[in-house]
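Per-chain residue numbering starts at 1, and chain names A, B, C and D are given in the order in which the chains are listed.
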Amino acid sequence: MPVHVDEKKWAADITLSSGANVKKCMKCGKCSGACPNYAEMDIHPHKFVSMINDCDVSALLASKSIWKCLSCFACVERCPRDVKPANIIEAVRTRVLAPQGQNRLTPEGLPKFIKDLGEDAEKIPQQLLASAFRKYSR
Amino acid sequence: MPIDEKGTFRPKIVAFCCNWCSYAGADLAGSSRLNYPADIKIIRVPCSCRVNPLFMLRAFQRGADGVIMCGCHPGDCHYTSGNYFARRRMTLLFGMLDYLGIEKGRTRVEWVSAAEGQKFAGTMNQFAETVKSLGECRRIEDLRCKESVG
Amino acid sequence: MFVCWCGSNIAATVDVEAVTEAVRTEPGVVVATNSQYMCSEGWQSSIRNAVAEHKLTGIVVCACSPRMHEPTFRKAAAAAGMNPYMVEIANIREQCSWIHKDKPEATEKAIILARAAVAKLNLDKPLTAGESPVTKRALVIGGGIAGIQTALDIADAGYEVDIVEKSPTIGGKMAMLDKTFPTLDCSACILTPKMVDAAAAEKISLYTYSEVESVKGFVGNFTVEIRKHARSVNSELCTGCGVCMEKCPSKKTKSEFNQGLSNRSAIYIPFAQAIPNVPVIDREACIKFQTGKCGVCEKVCTAKAVDYEQQDEIVTKQYGAIVAATGFNPIKLDNFDEFAYSQSPDVITSLEFERLCNAAGPTKGHVVRPSDHEEPKTIVFVQCVGSRSTVDCGKTYCSKICCMYTAKHAMLLREKYPGTEVYVFYIDVRTPGKSFDEFYRRAVEEYNVHYVKGMVGKVAPEDGHLRVQASDLIADKQIIIDADLVVLAPAIEPDPSARALGTMLTASMDTNDFFTEAHPKLRPVESPTAGIFLSGVCQGPKDIPDTVAQAGAAASKVIGLLSKDKLIGNPCVAECNEPLCNGCSACELVCPYGAITYEEKPVFDHGVRETRRVASVNEALCQGCGACTVTCPSGAMDLKGFTNLQIMAEVDAICR
Amino acid sequence: MKFSYFPGCTLKTKAKELDSAARGAAEVLGVEIEELDEWQCCGAVYPLARDEIATRLSAARALIDAKRKGQDLLTLCSACHHVIKRVNDDMKTDADMRGKVNNYVQPEAPYEGETRVVHYLEMLRDNVGFGEIKKLVTNPLKDRKIGAYYGCMLLRPSSVMSFDNPENPRIIEDFISAIGAEPVIYPYRNECCGGYLALEDRGISKDMSSRVMRSAAKAGADSIITACPLCLYNLNENGTGELPVRYFTELLAEALGVKSEGGLARAC
């Protein structure tokens, strides 16, 4: 985790890469209302939008929500203002993963999960491995 | 080439605006304090269908660098159908002007409603930028007029 | 030449003195001066003096938009004894000083605009406006509370007025409501007397089950065709006894009036207090019309009023003024199925809820779940369904009435069923209006309604409940409620008939199909099209008090118009230069008003007098669009006030 | 009817039955399927970040190949469909992205999103027609109550996917009716199964998948069908185990009387 973060610049970068327009948010909270994984998150989808707007990036980078978002797009679909909270969460996650050695999932780490699954491991579809690496590593 | 003190090219742009929608849209741009270049001068006409292609030719003849016509949105013409006539006339005219070497970027038709001040200013900014990048238009300029005026 | 400062509005970015000096030497300019506020009474008198002193024949005013003060300056010119159409305005405020920051640049532009105006004025000719008579009868389109109130007020002033309503009865949406906020008085109790008054008023004629077919003409002189749909029941003979509805074997059609919560017969009166109290046959649902067999209603009708042969009838009438009062509908919720509206009968709209609450409704006012007719214990209200939304299926505006009626619904529920838990999920609670916020606070403080800030994200019908998932933004926690009934507050939108009507009336509309007013602040009940007035929600979302106020305002504007015997027309109309006209009829074909006809006329051309077929403009019909002028191949057609030469002079001045 | 076909990695390995049944059924339906020559993994995840170019390239290549053949591009796996359809939308609407991708791939002519991306279900609905399928069914799956599981990727975001009504879809239900079974509508059929977290955070996946399966079971379904290998895996491994989960193509093949072994052999 980077210690010194130029919050404004990061907020601008995240906004740009997410393609989301946080200014359009009217703070209705429907994204968080729709989120199927709300309970597991420390910072909820609507807050990602307002915190990016406030350039409050450090807290987002440290949040556990970025690992809990399912990318199911329920928030994107139901947002009445077309703000795209999931895109913002993803953009924050990519920032965290970007520096060397920040990968959440590594080929070396994989055996652990597979061992946990025991015999069932062979049922894992390629799609799961491919998507897990796309989501959690660079 | 008309160049101001700062050394930038200042195009001459004539805008024809219908009284009911786009002229009102221009007024709204004004009352919303939305900026667009002073190079654009608006002529008020009752309807876009009042704009005779000759007026546009006249403008280029007199040294205009760009001409834009604005009217009500299709279907919203105050006079029911005027903008449809205007649209067809301008399509033909612009084709001919292009043939004469007056680039497509110098002519434009845009539908702006009375509520679209933002769109009006945006369109004007864009258009002025395009015309500016195309530079001076002397293709059909009548130099005799120029000299007589001095 | 008069240049206005408009306080600092113009003078701050335009060097008014420089403009005055620059135009002083323009051809034809005799006097050039500037002042603080040209539109003020003091300066208008100084215009009068200048006209007299210098014997001016025309004036140019460099000021705000002609859309703002053209009438003011024309009046001043007329008062000074000048022809009022010898006034030209250079718009140096909206189109110059307000948009440019650089003073030299703005000043330069103002000078050019002033020169163009001078160039145009030099070619101006005195014009005389024609006069046209006023038909002293008004048409109100739409028979809801807006239309009824407008008609009553116009009739009260002594003018004839017709109401055209497309459904079988007048009354509109207000007739469906139970109680009204913030006083909780019964909607029917205050509406039905007005409906009765409208029916009884001598000056009011009702055309129910009728629609406007076409509109021709112009302010003071509209000709309107009204299509009276075939009721299949003779209104003259019908006694309204209702036996036909009782005996009708086709009883499976969803009642429009009850929002589909109950069924009605094929021959029906929408509700007990309907006006007129005459049934119509819904031919789609009628067995007789569909199969040819049945005819029960005809047999049981002792008054012999049922008439299967009845045809649509077209009535043509003349009007001086037309009022649009076409009202609204809640939007369809097909695209909001995250709230499961089409998946569970227990997810209803607020209008359906009104019917459930209403003592005359399908459940006699007993609030029960449509699925099992059980009393709901937990009720969830969801606000802003489709309002304030920028996605395709939503509406960008606030629907204005939902916050208040939801507070009302919540309060009524808690009062009638104290054992219920009532939740309202809101984005913002908007209560501007007299006694409105107090009303909402009562719902919270006295009635213990749970207001939760946060939009509902999903409603899942499961195990006979509706699992409502939302997040409380203030507590920052998730809320999951097993509700028995979910009430959605859909955005409201203009009735779909408004779009076609707008085209017929050439009345402009905004992107949401609300009618546009002539000025958002100063002329809120008039359409920019002369003679067309706006009443009620067709102009924008509003509640009953606002609607009634606007209805009255529209009526007073209509009365003002109808009280005139003659109207001064627009003199800027087309004109045919007869010697140039070649009789080709091109102008006749493009004229949207049918104002051009061809006549055999003596024409004097190059010393020869002969009879030719030439265009002739009816100045009363011509609206001055100028389509004919450009179409004319020989240049015979020109538009007074905007002649070819004038516009070219402006072009020349700008390009100089 | 001839389509270019993008099977995707999983269909070549763990989800062979999804693929083989689809091929077998297509034959009966008179649909010709032409697998793209050298397709690469779509990446399984659509890169939301607008500055990601590399991760869009394989989808772009598939699209360009289909354009070259002048065919619509048929997909089957939900994830592949999602990725390819969205990349195609980028190529259509995002000039900047279009420029960059074309710069990388260097096709003969710049690709501007011309290819139509069609999911197998859309093909059944729009090209073959459910009415036609009904006629071709030789073995109607009578007395089966089937819950459709849509998941996320086919439906959302609807502005791009335009697959069906995202909150109340009909297409798989209509499909179920066409093969003679009874569709069961349940509220969580378009909610996430938690697939992406199935490796890392299995607890969450268990909650999500169980909710979906319970919801279907409560509504009276006797089985669930899906188009997504990850959803299938996840519902099977992490669901409540109440209901069997199968691919929709398997049931289609069954209803059409297609022997799946033949298909399998060919696919291997």
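Things to note:
Note that a residue touches a chain if its C-beta (ideal position, glycine included) is under 8 Å from a C-beta of that chain, and two chains touch if they have at least 3 such contacts.
Note that the coordinates shown come from a computational prediction; the quantities given were computed from them, not determined experimentally.
Interface comparison, A-D against A-C: more C-beta pairs in contact at A-D. A separation of 51 Å divides the Cα centre of chain B from that of chain D. With each centre defined as the average position of its C-alpha atoms, the distance from chain A to chain D rounds to 24 Å. Spacing of chain A relative to chain C, judged by their CA centroids, is 47 angstrom.
Multi-chain contact residues, meaning those touching two or more other chains, occur in chain D at positions 167, 191. For chain B, the set of residues that touch two or more other chains is empty.
Each of the following residues of chain A touches two or more other chains: 74, 77. Which chains touch which is summed up as A-C, A-D, B-C, C-D.
Those residues of chain C that touch chain D in the shared complex are 334-338, 340, 342-343, 391-392, 458, 460-463, 467.
Within the complex, the chain C residues that touch chain A are 338, 384, 386, 388-391, 394, 427, 453-458, 469-471, 473, 476, 478. Residues of chain A touching chain D in their complex: 16-19, 36-37, 40, 67-68, 70-74, 76-77, 86-87, 90-91, 94, 104-105, 113, 116, 120, 123-132, 134-136.
Those residues of chain C whose C-beta lies close enough to touch chain B in the complex are 65-68, 91, 93-96, 98-102, 105-106, 108-109, 112-113, 116, 503, 506, 508-511, 516, 528-529, 572, 590, 592-593, 623-627, 629-631, 639, 642, 644, 647-648, 650-652, 654-656.
Contact residues of chain D toward chain A in the complex are 8-10, 13-15, 41, 43-45, 47-51, 55, 77, 79, 152, 155-158, 166-167, 191-192, 194-202, 204, 208, 229-230, 232-233, 236-237.
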